[in-house]
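A, B, C, D and E label the chains in the order they appear, each numbered from 1.
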Amino acid sequence: MTHDNDRGDSNTAPPLLQVQGVTVRFGGIVALDGVSFDIRRGEICALIGPNGAGKSTLFNCLSRLYECNSGSIVFDGQPINRLPRHRMAAIGIGRTFQNLALFGSMTVRDNVRVGCHSKHHAGMVRNAFRLPGAARIEAEAQARAEALIHFLQLDAEADRIVSDLPFGTQKRVELARALASEPQLLLLDEPACGLNHEELQGLGDLIRDIRDRLGVTVLLVEHHMGLVMGISDRVVALNFGKKIAQGTPAEVRSHPEVIRAYLGAEEEEGVGA
Amino acid sequence: MNEFLHQLLAGLATGGIYASVALALVMIYQATHHINFAQGEMAMFSTFVAWMLIDAGLPYWAAFAATVVLSFVVAAGIEFVVIRPMHKAPVLSVVVVFIGLLVIFHSLAGFFFGYTIKPFPSPFPADAWYGSSLMSAHEVGAIAVALGMVALLFLFLRATPLGLAMRAAAQNPGSSRLVGIRVGRMLMLGWGLAGAIGAVAGMMVAPVVFLDPNMMTGVLLYAFAGALIGGIDNPIGAVLGGFIVGVLENLIGTYVVGTELKLSVALVLIIGVLIVKPSGLLGKTIVTRV
Amino acid sequence: QKKYDSGVTDTEIKIGNLNPYSGPASAYGVCGKSMAAYFGALNAKGGVNGRKINFLTLDDAYNPAKSVEQTRKLVEQDEVLLMFASLGTSQNIAVQRYLNAKKVPQLFVNTGATRFGDPKAFPWTMGWQPTYQAEGRLYAKHILQTQPNAKIGVLMQNDDFGKDYFKGLNDGLGDKAKAMIVQHQTYEVSDPTIDSQMVSLKSAGCDVFVSITTPKFAAQAIRKAAELGWKPTQYLVSVSQSMNSVLKPAGFENAVGVISSTYLLTPSDPMAAGSKDVPEYLEGMKKYFPDGNPDDSLNAIGWGVAATMAQVLRQCGDELTRDNVMKQAANLDFKAPMLYPGIEVKTGADDFYPIDKKILQRFNGKGYEAMGAPMAG
Amino acid sequence: MASLSSLSTPPAGAANFATQGAPVARRGHWLWVLALLLLAAGLTWVLKGYQLFQATMVLCYAIALLGLNILTGYNGQISLGHGAFFALGAYGAAIAMEHGGLPYWAAIPVAGLACLVVGYLFGRPALKLEGLYLALATFALGVAMPQLLKYKHLEAWTGGVQGIVLIKPDAPWGLPLTQDQWLYLFALGVTVVMFLIVHNLLSSGTGRAMRAIRDHALAAEAMGVDNRHYKSMTFGVSAAFTGVGGALSAIAVQFVSPDSFTLFLSISLLVGIVVGGLGTLWGALFGALFIMFVPNLAEQVSKAAPWAVYGVALIAIMFVMPGGVVGLLRRMQTALRARENRGG
Amino acid sequence: MTTNLLEVRGLQARYGPTQVLQGMDLDVAEGQVTALLGANGAGKTTTLRALCRFMVQTSGSVTLAGERIDSRSTEQIAQLGVGHVPDGRGTFMGLSTEENLQLGAYVRHNRSGQAEDMERVYHYFPRLRERARQQAGTLSGGEQQMLAIGRALMGRPRLLLLDEPSFGLAPLVVRDIFAIMRRINREEKVSILLVEQNAKLALDLADNAYLLETGRVVLSGPSAEMQRNDAVRRAYLGE
């Protein structure tokens, strides 16, 4: 297995994810325009860029909700362009959504248990007739769900219907649900959105914990620079569907193109104050 | 060849019937995002009202106008009294209310007017120049009326602020309130207009199929199919769909499978089209992002 | 020596009936109302042998499953003496086995299907109307007589009623059926129009049109033929021969020349002039079913069949057992009111077809005129 | 062009299926269930023949409603034509008994399986259709079924418009039961089995996957649920249940004919699940009672326009309990609990 | 002393049985910017909704420019000149971007000036002009947020209720938006009630601020003072 080395990686292990020349068009709009980058195992990588740069679109390609017009995506050595959508969870890609996509009428616990589906499900016939194995598999899903509920401190809310919960809590439920499928790669779309300062800190710790304790590689889309710069190992910046920069947080933060298109000049901080 | 032409025109004539009922469905869908299963029965009842007025000696056009106005008012009233209280209920509960309305109108029509068929006059003189043995004057007239209604409706929905507000209210009542749209009024207006369109449709249908309480039961399915195949959010599509269904049904019945299975086969075809083009021929796919 | 089965007391006889007061066939619901009118009038005059008729009529919405439920309710809960003149073929088939097993008379079923006159297999079941098949044969005979080289086009309702007629027509035409019937079109009761079928029939160049249709479609067919400028000889089944509710909506001018047949008198028929049944019928209808249209032959059916029922009960005297009811039903020779002059109700131990004659008639623009004498098909 | 269908809205109604959590019965519930069951069995010796027939029909409808509820209540696919599967089950059983010579108890699973297959095959292409479009497709199925049943080339099997007359089974093993009693007990047994199967399905991962699809199809897929498989299987299972209900009803009525399965049956089934309570197990029972008895009650209220009474009753019920009978019961239960808590 | 455009007294709000606002008092001074701070679930969104009587049951008095509006309907309140950028953006998904903006102007009875306003919104958010004919549901999250703000501006409100206007927006755009709000506040005398997680930005813009905790106002005052408050500094400014 080979991978292109134009980034001059010193790391010899093959990357977990390789995005190569991905282009997505919607009618006349080019949402992604030949984007390429790699994600290494065990890193936290951030994807930034102005609104409408194509970040969520890229996520949707990774979870096969969108078809790429061209380019390829290789995950763990396996091209995924042809796989059916529901296989993504099974091969190890989990995700959260920018605008929450929970199962609104179900409880927190059931939401998380649906997350276990890809790894623990017994099949209709077995379930219908309680054939051997059904109970064991059910118990496994149950155990994993409990563990995650606990991990994300959702114990108190476990039996509530998710749609009644505050936004922040719902985000945690989504996270728990995504982790339930035991992903290798976790895609987080703007997890910090709508959180206040305090909660942000908690989130940063949590993401690091997920990487360190669960060994999950994280790809993160975020506009909150504090968080991005604080926790990522590497940052990729997009603009108008094209990659404009990549590197360490410090490198990207000072990249002129990124400043011009996205961050704005430092001295303007605190507009008009 | 002559027969083919003849079948085609007969299909268009029946299609005109479906189209005008389909229009009423589109109207109410645009205004409320519901399919009113009672629409056909309401139209039938309106037609009975017109029949009664004519029977009582009113000239045709006076009865026509009175019926349209009355239907508008009654339909708007139904929205206010029966549908409004259900605005928070799950969709299917609303569907059940529609079914309730359907059986009520059907049963009342039977109770008041009986089940024997009644002739209903056509506003178009039988010997008008546009009538022929290929298409009767009424059939031509009814098609013209359907086309006229669709033009008006299209303009209303697409080119007036009120039409826009109505579509907005149906799609997202919450945001509509926030921008100052009186959602309740929009719903009432939508129901009223649908009721009025239905009344016109009924008065165009009745001269062809005769007036009786079962007049619309068969038509509703075809109208529903027509509205969906053309695009439920587009009045032009609905009319087009109505004509397609009418013609398709005739041609399939005559040349392909015979009359026994024509409905089944026509429906399979329609569903086939929808599978390929899920929002209908002229409909717009509404996309929501995750 | 009074002998009663369930449903009978010294003052009352309970009989059960089902009709489609709702559902797709609700137009036939009037039959039940005119039967009720007859019994109303009869009770006012003192009933049968001093007993009032308690006529329990329920709705089955033309749904056989519902017919089973309602019939069982009438038999087991209301404990009627017998079931009488329930309407519809499938609806009666659905309960035929049950009633025969229970030995409850299933009398004068209100349908013209042939299968209800089989005393060997179903000794408790009896029809009343002339069968649809017989009527079909009648038209076939007439066609063979008058237009032996006709190209026949048939429009048929796709159900048991249509198929029975069509079978009669076919049987009547014999070997020539295949050659003569050049177009056979069907429609469903739920179809809005039959225009397409009419176009096909015309295009096939048919010069005889047999319309096996129910009233609404019969009217549509007559009018559409005129609109198309198609002028075949039209045969119209008796179910739809009503002047008022079929020919009038279709336009009398379009219906001139339509050939039909009947076994019933309607007040508007010229033959009704001399009849003494008619004033009684009109009065009864006016009093007990004022909304009903006396000219509707369905009402005449209801009246006539109810009178036949009364006759059976009358013949039973005080021995009102189910056995005796069947015995008397199979022993009728009775001129039922509202039957066409010359047509009678006549049964025997192995003749479970009470009426078997009809008379052909032609519409002349104002009314029907008889063609010859009543005959069996 | 990226696939737009991947973005299409979750079924318009998804959020509107204001339904409840898992159907898992809590321990205490089992006692109630047992008591109810004993009561139901006891009715065998209390009810008269035709009342037993009605009770048997209630069970048939309950099983059918269970099937429709799996599809519509739990999976969010609306069917306006489930009467078609009821008909198919009825005919399946009738044909298996009449032409296949099967005993009645074997004919039922055969009919169920036939419906499973047909339901799956129908559900497969219908996957692409959502909301109204699915409603149309199923509506069409409901309308077309009676016509197919009397189609002339199938007449040898279906008996055409004349239908098929069946014989009612006697009680086996010389049990001292009338035919009606035995059939009722038999139907009760079948009902219990069907309820158990549904309960198992819905309280397991399968049920969660079904509900997840209903609430948010895309998210369900992202969690690894194979929507295509689940939706078409759900269709099949739903059809099978409804078919079993139909098969039982054919045996109870002893007759099948196209006229028994008009569109009104489909509509009644839909009304049944909504009135009973969408997405609830017990709703099926209440719905079945409604279907069976309310038309008769309406006829007693007004002979003149019974269906107007029925319609008014329907609307009134929806006003009072938009979540159906079970929805109302749950609301009352919560209210009671809240009061207890406050009191205690 | 400035007059109050909006005066709220004893406002309570609940969702069914859950009471969220426990009787709050709040003023928005004419022509000024007032910020509302608080943790997740404190009831900020609920406050804005309660003012418009939107989706919650309320009691208490709300006065807009001297007129009681607490028994008015949401749409009447909108017609009185209250623009609302709701939580969750409230996009009309099936309509085009442009139609969304037109709906913003629905409350205005004269349609003159609508074209200019549209121009102005496009000027603020050039991205929206590029997407004018696109179905609004397909816009990116940030684009939809711009649309929500633009839609509210189209109604030329006298009071603007903003629920987390920076939600999901790129840093540069957030800055632009705050500049825009400052401008319309200064130049067009639009009063603003602002809910914002980014407390620093909010306090920089606002004249006054309220701090909300579980449905109650626990602190209020001029924003400069608030910025100096220790508790605020710790919890909201991260200092």
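Keep in mind that, in the parts below, a contact is a pair of C-beta atoms (placed from the backbone, for glycine too) under 8 Å apart; a residue touches a chain by one contact, two chains touch by 3 or more.
For each chain, UniProt lists the protein as follows: A, E = ABC transporter ATP-binding protein; B, D = Branched-chain amino acid ABC transporter permease.
These numbers were taken from a predicted model, which means no experiment stands behind them.
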Along touching chains only, what is the step distance from subunit A to subunit E?
1
Report back the single chain whose CA centre is most distant from the CA centre of subunit E.
C
Out of C-D and B-D, which chain pair has the most contact pairs?
B-D
From the centre of subunit A, which chain's CA centre is farthest?
C
With chain centres taken as the means of their Cα atoms, state the distance from subunit A to subunit C in Å.
74
Per the C-alpha centroid definition, the whole-Å distance linking subunit B and subunit E comes out as 43
Cα centroid separation between subunit B and subunit C, in whole Å?
36
Two-or-more-chain contact residues of subunit B, please, as numbers and ranges.
107, 110, 221, 260, 263, 286-290
Multi-chain contact sites of subunit D, meaning residues that touch two or more partners:
7, 9, 17-19, 143, 147, 218-219, 306-307
For subunit A, which residues are shared contacts with two or more other chains?
26, 56, 60, 65, 97-99, 101
Please give the residue numbers of subunit E that touch subunit A in the complex, ascending.
39-41, 88, 127, 134, 138-143, 145-146, 164, 167-175, 178-179, 182, 197, 199-200, 204, 235-238
Using the touch rule from the top, collect the residues of subunit B that touch subunit D in their complex.
33, 35, 82, 85-86, 88-97, 99-104, 106-108, 110-111, 221, 224-225, 228, 232, 260-261, 263-264, 267-268, 270-271, 274-275, 278, 285-290
Can you name the residues of subunit A that touch subunit D in the complex?
24-27, 31, 60, 63-69, 84-90, 95, 97, 101-107, 110, 113-124, 127-130, 134, 137-138, 141, 161, 177, 180-181
Within their complex, state which residues of subunit D touch subunit C.
48-51, 53-54, 57, 143, 147, 150, 160-163, 165, 167, 249, 253-255, 257-260, 262, 264, 295, 299, 306-307
Write out the stretch or stretches of subunit B touching subunit C in their complex.
2-3, 6-7, 10-11, 13-14, 17, 107, 110, 114-119, 133, 136, 205, 208-210, 212-214, 217-219, 221-222, 249-250, 253-254, 258-260, 263
